[in-house]
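Look at the two complexes coming up: subunit A is in both, with subunit B in one and subunit C in the other.
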Partner chain A sequence: MDSDEDFGMSSEEDVLEDSENDNESADGTDFGIDEPEPDLGYTQKEQVKKEKKTFDTTFKVYHPDDIQAQQDDLIDEVNMILDIRKEDAAILLRHFRWNKERLIEDYMDRPRKVLEDAGLGPSTTGPPKLEVIRGFMCDICCEDEPGLQSFAMKCGHRYCADCYRQYLNQKIKEEGEAARIQCPQDGCKRILDAKSLDLLVTSELQNRYHELLTRTYVEDKEQLKWCPAPDCQNAIECGIKKKDLDRVVPTVACDCKHRFCFGCGLADHQPAPCDLVKKWLKKCADDSETANWISANTKECPKCNSTIEKNGGCNHMTCRKCKHEFCWMCMGLWSEHGTSWYNCNRFEEKSGSEARDAQAKSRVSLERYLHYYNRYANHEQSAKLDKDIFTKTEKKMISLQTASGMSWIEVQYLNSASHALQTCRQTLKWTYAFAFYLKRVNLTEMFEDNQKDLEMAVEALSEMFEKPVDELANPKLKVEIMDKTSYCNKRRVILLADTADNLANGAWEWSNGH
Partner chain B sequence: MAFATKRLGKELKKLHESLPPGIELVSAEDFQDWLLDIRVLDANPLYLNQTYRLKFKFSAQYPIEPPEVVFVNTKDRPIPMHPHIYSNGIICLDLLGSQGWTPIQNVESICMSLQSMLTGNSKNERPEGDQQFVANNRRRPRDIDFYYHDNTV
Partner chain C sequence: MTQKRISKELQECLTTPPAGIKVNLVDEGNIHNWNIVMDGPADSPYVGGKFQLLLVLPTEYPFKPPKINFKTRIYHPNVTFDEHGSMCIGILKSDSWKPSSRIPNVLTAIQQLLLEPVPDDAVEQGAAQKFKEDRKAFDKEARDMTKKYAK
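Moving on, here comes the complex of A and B:
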């Protein structure tokens, strides 16, 4: 096979990075997406080793401080150019969804209208205040007792202070709104400003309000997105547009280690494009009852029928009772899996004559779906099990360290292997959704070969990874695991480069999955 | 409850005094569930000579929160045919969602909006995916994220 010089014993992060490209920061790498690649001739193995990795996306990670600083810079700029107060500049910028150029242009043309529209009309009435008005009745609660405190914005629509509070509470707490809270009057477009809000609500709600205001900055910008990982406060900047999403799968990696798709926000789903993922997930949800039994964790041994439980990610099953070795996925003989007979990943289309009537056709179409779903669900499940095993292994390695004198660094190869298993299974999982919608053309075969190579490598690594701890400490197995880890990563890069290049060139043909 | 009670009390008093044409109060025993009947006022053949029953459910946060409003099916009260009304009576109307609702609206204005929603309709059809929605939906109407693709209907 190819030499290891480009990949070495690298973890997946290393593989994703590209040393040949230095006009970008280390946050992201860049190729190909902007430059159209007219040449359809592919010699896939060569391509990977050169510079082209179409599946890498350029992006930047911003931390909360960066996000605040960016807003402050914009506010300062508008404050200087238009000579208005900073608070007003902030409201105007939010009103213009942080489009500074358009704000300045519009403001130069018609300053009064711009201020009015953004809820900053002439302040003849002075700062906002609560008032008691004779004969006032609140249209929300119908209260009219004398001495009732009331509030109105510049539009003059007046409600009692208590109703205003409840209204703001609902908008901020329940609906998460801030920058565009309108007057409660039906059809009134007046936006509530921060000063009026501070007058009306508790400091707890004020804080939440200002927090939400900050969020609008990221939400208003097409090239910014929050990292969807729970508790992560970072945002990612990426130039991929919605219209690009049928040609590229923009996976980004946050500093918190979460890898997700910038296009749809779901966890990394390379090589499958966003639309396909959406369709596939919907199909799986619709058909979940039919397919549920599949992902069950127990099956019967095909030879002696005793119940076998899957307790690791590996698909190589050995029956405890009769020692029969078979593949969990296709239930076929395992001995056929290491050779050219391996076709566990490929769905064999039945010939047309076998599927003549409608019922038979729908059966075939269900079988075809289950073939792919089965493998998709299995990799998802296995990735979880591999993770469990790593947690267990980690514990054992700690005890082994003290017993055998191995250092923490020396056991890190297991960490790399676990990482490789996780990412490769994530990729493999989506190759099955990808394949489900793929029309059978010449390219398909190469795709299936790549899929098969990666899958075999992953299953082999998974099997080594499950060995008992005393065997894992063996230096020979350690080298094998390290080699297999880097081989898996390499196969993954090859598969992703191939699918991404063809996607960018529009070379794949899709079917509706029947 | 006190918050909603006062307002609903006033609304009820007004509904007893006078009601716009085509709207009738059927029952309002408490401040949680009310029933009202509505008819369309023009000669739209889709709804000719028909009366429809609406059920209002108020939360303690009413009118800050919108009420839950559905058509109910009884012996002589069918569910009106409309591309925004599901056959189980759930209505897809933006003013009943948190985005379109304002606390200035009330029971009467909702009834009138629904009257005009029927009056303006000429399509004898249910929303897309009605069968599936009716079979699968277990959520309360206010928790459903309707996509208001076409507010002109």
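Moving on, here comes the complex of A and C:
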């Protein structure tokens, strides 16, 4: 199962991560597409060509039905191999945390002990059923009226059906327990099986029980994790272990489109490794007061001091009053940002002589932190603003269709551009946390160059993206946006591949206590 | 159905309570609140003391465990040294309580706790530390407190 389709990547992500745009005509026919291609723009063609990048993590998305089927398959296997009831096979598998091989091995060695430990001790009665027994008194409620329905699991501890029901209700509904519900008898470790449950409770409670069991199934397996998106019921399977996390950043994408880190569950934080992310977030929380002023949405024009509000993701600011053009992040001249000496992303270390005493040193270290935090926070904020714009994009696209006569498919390039902006800003944001902890060595400069290239491309695209609809209708701008979009995606791939390779080789050197 | 079970248990505890324990209702009209008087066990620094406890049976009893607190102050690693006198004992935790568990078992578990504190599962860290590091000093403190509060 290693074809890309099996990884459940959404088509948007395929477009975003594609680095092969340039060879489109050169090898577009090499992929065995026999039928005439539908005219869906370039989206589909590229999906076919998606290649696995070095920083891509292999994973699989499971929907609730798949998760149930997986459990059922394992239960069936154990049921056949060991020749035991299905409900007992389920209890054994849960006891062994779904490690089928170990269960079978142990069971072959010492079946009695395995059954006992799993809460399936020796049977004293036949198959469990509801029964009326003469002279029976329930030890829980102390009722003994004739005709009282009673129930016992295979351990033979018998209670009235009402008490059994109330007990199960308490365990399942109130305590959220399922896999470890024991017989109500004090000291009896017999585990409740699904068949006994079905005899006693409503289907509503049965469903809840199975829901809880599925939850423990996912939680018990190291290579399975729930998608953390609210309301999403999918689980992701990924083979990355905890000990691998200083060498890889395992980013996975659920079918619900949520991209997150399999290692820590946070939203996509490539290229920064989990541990660094944790440290950075803690530092930001600790220093939030010092850094608060940065997230302000307004700044003063560096030339005329009039207040300027930022309402899009683009960092190229033009003062309404004096037309001064500057960069929102560094407040420097914008004209310098398009040239080769753009260095908005790089923190210039002060020479040693300037930072001789402790006070100066701590000022430098604060400045350094603020440099990176400023840019980190700015991309986060810009991504939000870009997203606001994205929600307006669809409206734009509709009006664009009317203005230009383009079809819906033909205006999808704005959708792609918007996706590229968000994904790239998400990456850029984390490059600044990454850079904060990097020691200044030769590799760092290459990293900063990649960061700079991506950032410049993103800002340029962001600027085009905010153009009024009548300008967007211009076919020349459309081509430019499409080119810039694919360029941004390409730069992101280059940056991520480079950082991931060096991370895998342990080539990065860290500072600032990382 | 709860009433029948509680009445039966109460009857048993009134007529044949575990040794060193006396049971009566706080208020005759309410079988959910029990007043317990426990003698300090012979081989413990609590000997000679009479400790009052309040046992409350929730409406969901016996599907939920009873709540029990020391009303008399007691110097013990596993009982808070305050007006709550709360303790944390295994049998009353929801994952080990079973609806067939019985109140006399709870009471004897508490007697056992007075004989053998579990300092690793303590709610009073100071008492736990003293118990582990200087057993003599602990016993003396426990005896003094018993004299002060439980006579």
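Just so we're on the same page, the second predicted complex is superposed on the first by the 377 of 514 C-alpha atoms of A that agree within 3 Å, B and C clash if a C-alpha of one lies under 4 Å from a C-alpha of the other, contacts with A are read in each partner's own complex, and residues count from 1 in each chain.
To be clear about the criterion, a residue touches a chain if its C-beta (ideal position, glycine included) is under 8 Å from a C-beta of that chain, and two chains touch if they have at least 3 such contacts.
Remember, it's a predicted structure, so these values are computed and weren't measured experimentally.
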item: First (subunit B), second (subunit C), both or neither touched by A:Pro184; value: both
item: First, second, both or neither for A:Glu380, with subunit B first and subunit C second; value: neither
item: First (subunit B), second (subunit C), both or neither touched by A:Glu143; value: both
item: First (subunit B), second (subunit C), both or neither touched by A:Glu87; value: neither
item: Most subunit A residues touched (candidates subunit B, subunit C); value: C
item: On subunit A, positions contacted by subunit B and by subunit C; value: 139-143, 163, 166-167, 170, 175, 184-186
item: In the complex, subunit C residues that touch subunit A; value: 1-2, 4-5, 8, 60, 62-64, 94-95, 98-102, 105
item: Sites on subunit B touched by subunit A in the complex; value: 3, 6-7, 9-11, 61, 63-65, 98, 102-105
item: List of subunit A residues in touch with subunit C within their complex; value: 139-143, 157, 159, 162-163, 166-167, 170, 175, 177, 180, 182-188
item: In the complex with subunit B, residue positions of subunit A that touch it; value: 139-143, 163, 166-167, 169-170, 174-175, 184-186
